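Below: one structure in structure tokens.
Read from first to last, the chains carry the letters A, B, C and D; within each, the first residue is number 1.
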Amino acid sequence: MAFDKVVRGGTVVTPSGPVKADVGIRGERIAAIGEGLSKIDRGAEIIDARGHLVLPGVIDVHVHLDLPVGDTASNDDFVSGTRAAARGGVTTLIDFATPMLRRGGRMDSLSRAVDIWHAKAEGKALVDYAFHVCVIDWPNHRREIPGLIERGYPTFKEFMIYQERHLGVDDDVIFSTLEMMRDLGGLLLIHAESMDVMREMVRRHHTPAMMKKHGAFCHAMSRPNFIEAEAIQRAVTWSGITGGPLHIVHMSTGEGADIIREAQANGTPVLSETCPQYLVLDDSKLRGRNGHLFCTSPQVKSPEDSERLWQGLRDGEISIICTDTCTFTREQRAVWKGDFTRLPMGMPGLETLLPVTYTAGVLGGRLSITDLCQKLSTNPARIMGLAPRKGAIEVGADADLAIIHPKKRIRVDWRKMETNCDWSPYQGWELAGFARTTLSRGEVIVDDHRVVGEKGRGVWLPRRLG
Amino acid sequence: MAFDKVVRGGTVVTPSGPVKADVGIRGERIAAIGEGLSKIDRGAEIIDARGHLVLPGVIDVHVHLDLPVGDTASNDDFVSGTRAAARGGVTTLIDFATPMLRRGGRMDSLSRAVDIWHAKAEGKALVDYAFHVCVIDWPNHRREIPGLIERGYPTFKEFMIYQERHLGVDDDVIFSTLEMMRDLGGLLLIHAESMDVMREMVRRHHTPAMMKKHGAFCHAMSRPNFIEAEAIQRAVTWSGITGGPLHIVHMSTGEGADIIREAQANGTPVLSETCPQYLVLDDSKLRGRNGHLFCTSPQVKSPEDSERLWQGLRDGEISIICTDTCTFTREQRAVWKGDFTRLPMGMPGLETLLPVTYTAGVLGGRLSITDLCQKLSTNPARIMGLAPRKGAIEVGADADLAIIHPKKRIRVDWRKMETNCDWSPYQGWELAGFARTTLSRGEVIVDDHRVVGEKGRGVWLPRRLG
Amino acid sequence: MAFDKVVRGGTVVTPSGPVKADVGIRGERIAAIGEGLSKIDRGAEIIDARGHLVLPGVIDVHVHLDLPVGDTASNDDFVSGTRAAARGGVTTLIDFATPMLRRGGRMDSLSRAVDIWHAKAEGKALVDYAFHVCVIDWPNHRREIPGLIERGYPTFKEFMIYQERHLGVDDDVIFSTLEMMRDLGGLLLIHAESMDVMREMVRRHHTPAMMKKHGAFCHAMSRPNFIEAEAIQRAVTWSGITGGPLHIVHMSTGEGADIIREAQANGTPVLSETCPQYLVLDDSKLRGRNGHLFCTSPQVKSPEDSERLWQGLRDGEISIICTDTCTFTREQRAVWKGDFTRLPMGMPGLETLLPVTYTAGVLGGRLSITDLCQKLSTNPARIMGLAPRKGAIEVGADADLAIIHPKKRIRVDWRKMETNCDWSPYQGWELAGFARTTLSRGEVIVDDHRVVGEKGRGVWLPRRLG
Amino acid sequence: MAFDKVVRGGTVVTPSGPVKADVGIRGERIAAIGEGLSKIDRGAEIIDARGHLVLPGVIDVHVHLDLPVGDTASNDDFVSGTRAAARGGVTTLIDFATPMLRRGGRMDSLSRAVDIWHAKAEGKALVDYAFHVCVIDWPNHRREIPGLIERGYPTFKEFMIYQERHLGVDDDVIFSTLEMMRDLGGLLLIHAESMDVMREMVRRHHTPAMMKKHGAFCHAMSRPNFIEAEAIQRAVTWSGITGGPLHIVHMSTGEGADIIREAQANGTPVLSETCPQYLVLDDSKLRGRNGHLFCTSPQVKSPEDSERLWQGLRDGEISIICTDTCTFTREQRAVWKGDFTRLPMGMPGLETLLPVTYTAGVLGGRLSITDLCQKLSTNPARIMGLAPRKGAIEVGADADLAIIHPKKRIRVDWRKMETNCDWSPYQGWELAGFARTTLSRGEVIVDDHRVVGEKGRGVWLPRRLG
């Protein structure tokens, strides 16, 4: 028998564009792309994709499941999170193994953080996963980096803020990490915001009068665009000086896109990503009664920033769209009690990543379907070291597929979603692009929009950069 | 029967990279890409590609076959030229329909030029072909442009030099053509050199003493890099002002690449191409006894320019590699008699395009094989309006394939080549990348390096820009 | 006796700012600047400047007096023109010796042009004068340049347009002239507009329908800003390549200022000037019944351009304000009969240069008085080779002074002015800054706003660049 | 009597150039500049300047006299320092009132620091002086800034390094200070080096092996150019965002000049200064036995940097040359005992500022004498709020003059100098430009190279920015 399964009659989005073809699957991998494959092999199981788009499974490179924050933890774990992922056509996600400061002032080693994150995922994940590793305690953590790269963890993250939460690092650590990335073949992910000036901005708004008047919008007021822009510029400077590969995560400003564009034109090895919230929401959401639910870090900016970011996706200075998923329920958010500095920040996102970007991007005329798949699958796989196994519909690649209807819209309602979250930033929006069928390594895990795969079937993916 | 032919066991270079796979062909088109296709369909004719690279057929977008120049014509016509093409893995070429000034001062209409070029090709061409159209006599030619775009000729060429040969146009024509391209969906190709200052430079070198001392090298001395750079900058300025799509042909200078890069960063709709001679030759070739054979327009520059052009291919400001083939024999060249202004300029190139760029680019570590195919096939097809039918190994595309051995080198000897030319700029070079097998629309036209296809089987390709 | 004259009690504008002081004059030169000089030398003639500003005499570097244009000539000659100058505080002007095409197709030599212009000025000029020399017929004119520089004519002008009027030159001439300027210590002045595209723009508007509808405004419509900008960019490119010193005359666009700024930042030896009409008028003046009077070349642009030009004066990319005086009466203008291509172009300007720029610039808060004197006197002298004899109130310099009341305004009325022109672009404007007293080489030539000097007392000034 | 003193027959360097003239002095001020003033007033005291240059007194805007550093203090106090100044033609200096951390962790208020510095100077200073004020403890110091500006201290300094010495501030303080400068009319002076990465660089070199091998050169090795460049870029970013006026002190790198140039071109209100040591010394001085004497902060860089800085002085991105005088004797330096991190850093400079820059700049063909006086006197006065009283030879200005012989050279020997320092970075150099005569407010304080003025005659100068 030639194929185990044939995805029949869909419009297959390959890296160079859509093509009418069948996809033949043998075992976990794509064995052929061609016309009439289902006729050749009548024994194969047929998955009917007529009238549908067949996309490479989405790879979300920025996810925080089950992340301890203060006294609580992000509300989606590897069970609910990966079910949400699958329903959104996401077949691979990359979480962040994050060392914790333990009682007595001891910071976890990187290996311990990695072990903990493996334990969080194993037996629970429905889709495949990998881990970035957060570097905090440089004198100790630096020694573990070479070994981690060897073992398949070649991407590291550092924060330019959150010193007060024992996460942030100073420029010397960024500088030294970039040197190490350059020498060992790694990639440094940076959360870029200007710590010192942000602290001053927060101070100016962290008064009873301001908080009473502006509520959660104080969060936006305390992060003018230059807070992100200056930090990106600085990180880019260190990348240019060291030659160390740099990736700016969750970029939210037009200024950031301008800086990346100029740096790339000058040969600095810098890449960037943005998220749906920066593309379709703006900070007017932070006003009003539920404004506090929309607080993220960095926060959403203006409609002009959104359009500049779409432009950056088209022109290439932004390589990836991902979610920065970090779910907190309304109850978890309620702890803020009007003080924007006490908010656990983040949003649900895995389940709506593809629908939001497909609807606003492709149906909205801002990105071609081919470009969208590049930003959601092909670039993430290539940049984060998952290619050629993941990221494109190609012979030999894993049969990770998201089959969507090109037009049919579904009204977003958190009550009907897989995430544990009890609200959605897109509640009530009519979105196309939810996965009718999701295949992970040849297995159907979502069928007719319902999750049918078993938890724990997802595997960890070791990675190596190109 | 599932397939008529299966190309078995090669490394297939798809737009997103090489993959071990068979290529199934049905009729003239690619029906499937997959593993084990030859096993599925035992009735298909097998073309063994084991140990070989299977590339998309090369598309040479810059060819002058049978071009009248003064009292003579370029020596390769559509018979010898397309045989040379096939042996070099080129399965599509685009020539330039060039209006001629007739006795009595009448300039051919564009339609007449197109008719003449069709007549030159029909019944002779072994591979497929299309035509750019040269615009010269603006007041008359402009009226024909909309109809030509309609009929499948959407790309036009103008010269910033050669006013004395009744080819050049002034800035107002470029300006007006760009407006028309913008409005009608065309693309303007520009030969960019600064006419006036070049004329002055030529004047300074066109003296008995200079020509005696420097011979053909006077040709290089009279074209400093700024001759091309200023003209590119000017053309780019008009493109920026009008918003009209522009393509700089046969770019030869690093300065040109810098200008394109900056213009693209600013959103100007400009693209560019370069040629093998600018990538692997330098103007030291113009010194010595046979220097006059190497005179081209623009002429080859320095090794530093070559490296900058390779960089431009890697970074993206240069989209296409093509040949500017325009063959003249040693006898045709002999008319110069020491006066560099009397030289018919141009070189043979079709047969060596893929071998030179594969050897210097891929084996030389300057371009990946995937990138090379992008510059030789995918981008040419996309930019010049031949996609998705041509340019990539994709289901549904024409089965135009070049099968090459990745390592085996052949010594270049014009005596053994298909071109009519009696010399080669690469004579004696050991090059890999000659096509062992070439398929054009599913038909084997080169087998074991020998041309086996019939003349006249090539068809004209109407085009439409994306 | 220490001084012949003492200008007493004014606010003297020195290069580093205004200072309360007397100016002591001995013979034709400034002998001292100091407090209480009139008390030291009670025998000196006292010119009371109390309550007034004492400025260095204005140097207008761009004047066309008695210039033949077609069948007529600019209406102010060296008598009326220099009387107008004096009343406007202008104590030196530089006219353009312009070779004429004679019957039979012979172009004047540069020497002949210079002789003719000397003849125009001698015995007539009230103030001092010098000549730029227009280069047109390169093969012949080039040979005269070294001798002219030797003899005190180091500045040359070339036109990028007006080929049809036998004035324009092509890029090769500009290129070669810049080389010569670099080698011999000269300066090339360029009228920068894009000939070819301007011709196309004129063609588009030169129709009965357009001219009927838009009248003289067709002149503006046929010269979009990019007409000047592209030409400036091109001239600047040649300056950068050759290293030849370049000066852009009568710059009218904000884009031009941007290009100059960037070129200067990159070390290109380029300078520029603008004129009052570009600073205070805009092209809405070309609409309506008298629009044709306002046609200049280049024409006035938008208020946004004006503000950018003021900015350029402040920031330094524009070094000089001058007039481009070229007077035509209403009768002379009437020849256009509705056809904007037949207009003799130019405006009166000498008499209002200082009043307009003082009123709009200094009283309008756009330039300090010190900066204005730099743009009107000090820079012109320094750049055009008249320093240290002219251009600043300094010990040893010629006693060329313009004494103005800082506030008192006079209503402009051409009937009461010295110019022969029978209209004024500023008719009815209330302007401060007319010279109450003008001194030229120590002699009072304007007293209480009335011209009292004798014609013919002005002398020719040989020049040498720094 | 018209004048009290007349400086006769010198070449007086005015802001617009040298002029042969006398300078008439009445009381403390310049009363006239003119020819033959000594003949007018035969009663005046004559100071013969024939054959000499008469320069405006030098204003050194960056001086640390009697500055406590660790257990010691810089060795020149206001007696020896101002005597050295006078002999070097310096007639005004600006020191830095620097709050000290007292036992118990209390930081001086700004007012207290100012009081202390007044006490250091009063009764001792031979020349006039003013104080910048160092801002360290933002929450407390910020409140004093408005009052200090009112009282004549409008310039403030912050350090981006030296956090460990209780001097450095973070970006939020710089940001907030720039806002305050913008609003209140002040100027922020910044010592720009990247603290975090510098610390890492120091760590890498602060090993027994490195220090043994490279000695004091470790100081240079631990401060690559990018340490200064990144910090300048960051400070400039904050200036651009806030619109707050910024002045980069003691700029030592070519990269810095590039950044300033670009920022100024973009309208950012930033200025800069450099010092003689960065113009004529290079870091090869840090090798060898006495290398530790040459350690400064920032340290001297390469000859290429020096040439770029000279270029910046010519082109205008650098406005001021000053000394950063901070004298330590060989004994004081000896505390380092091979550890470059223990060195008190700084050099003597006041006495050689004019001689070094005159000799290397003017006699070396790098700066005109007019430009040198602009960088040493006119710009310092204008930028730091001392104009029009100080900074130029102008009627009404203070009669602060330095009379130097244009050619005569003196061999530098610290034994014969006024500084307390027992070595000189220029020991043995043959320098022209020492003041034969120095006048401060009309009084001769150096006569025939000997100090003749009395200590304590210098006065404090309140300042106000323009």
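In the analysis below, contacts are C-beta pairs under 8 Å (C-beta built on N, C-alpha and C of every residue); 3 or more make two chains touch, one makes a residue touch a chain.
Note that the structure is predicted; figures quoted are calculated from it, not measured.
Colleague: Mind listing the chains that sit against chain A and also against chain B?
Modeller: Both chain A and chain B are touched by no common chain, going by the contact rule given at the top.
Colleague: With chain centres defined as C-alpha means, what is the inter-centre distance between chain B and chain D in Å?
Modeller: Those two chain centres are 63 Å apart.
Colleague: Centroid of chain A to centroid of chain D, CA atoms only: how many Å?
Modeller: Chain A and chain D have C-alpha centres separated by 53 Å.
Colleague: Using mean CA coordinates as chain centres, what's the chain C-chain D distance in Å?
Modeller: The answer is 42 Å.
Colleague: When you check chain C against every other chain, which residues touch at least two of them?
Modeller: Not one residue of chain C touches more than one other chain, so the list is empty.
Colleague: Let me make sure I understand the interfaces: which chain pairs count as touching?
Modeller: Contact pairs between chains: A-B, A-D, B-C, C-D.
Colleague: Chain B touches which residues of chain C in the complex?
Modeller: Listed in rising order, the residues are 170-173, 175-176, 194-197, 199-200, 226, 230, 233-234, 237-238, 241.
Colleague: List the residues on chain D that touch chain C in their complex, please.
Modeller: Going through chain D, the ones touching chain C are 2, 12, 14-17, 19-21, 24, 26, 31-37, 39-41, 261-262, 265, 378, 387-388, 392, 394-396.
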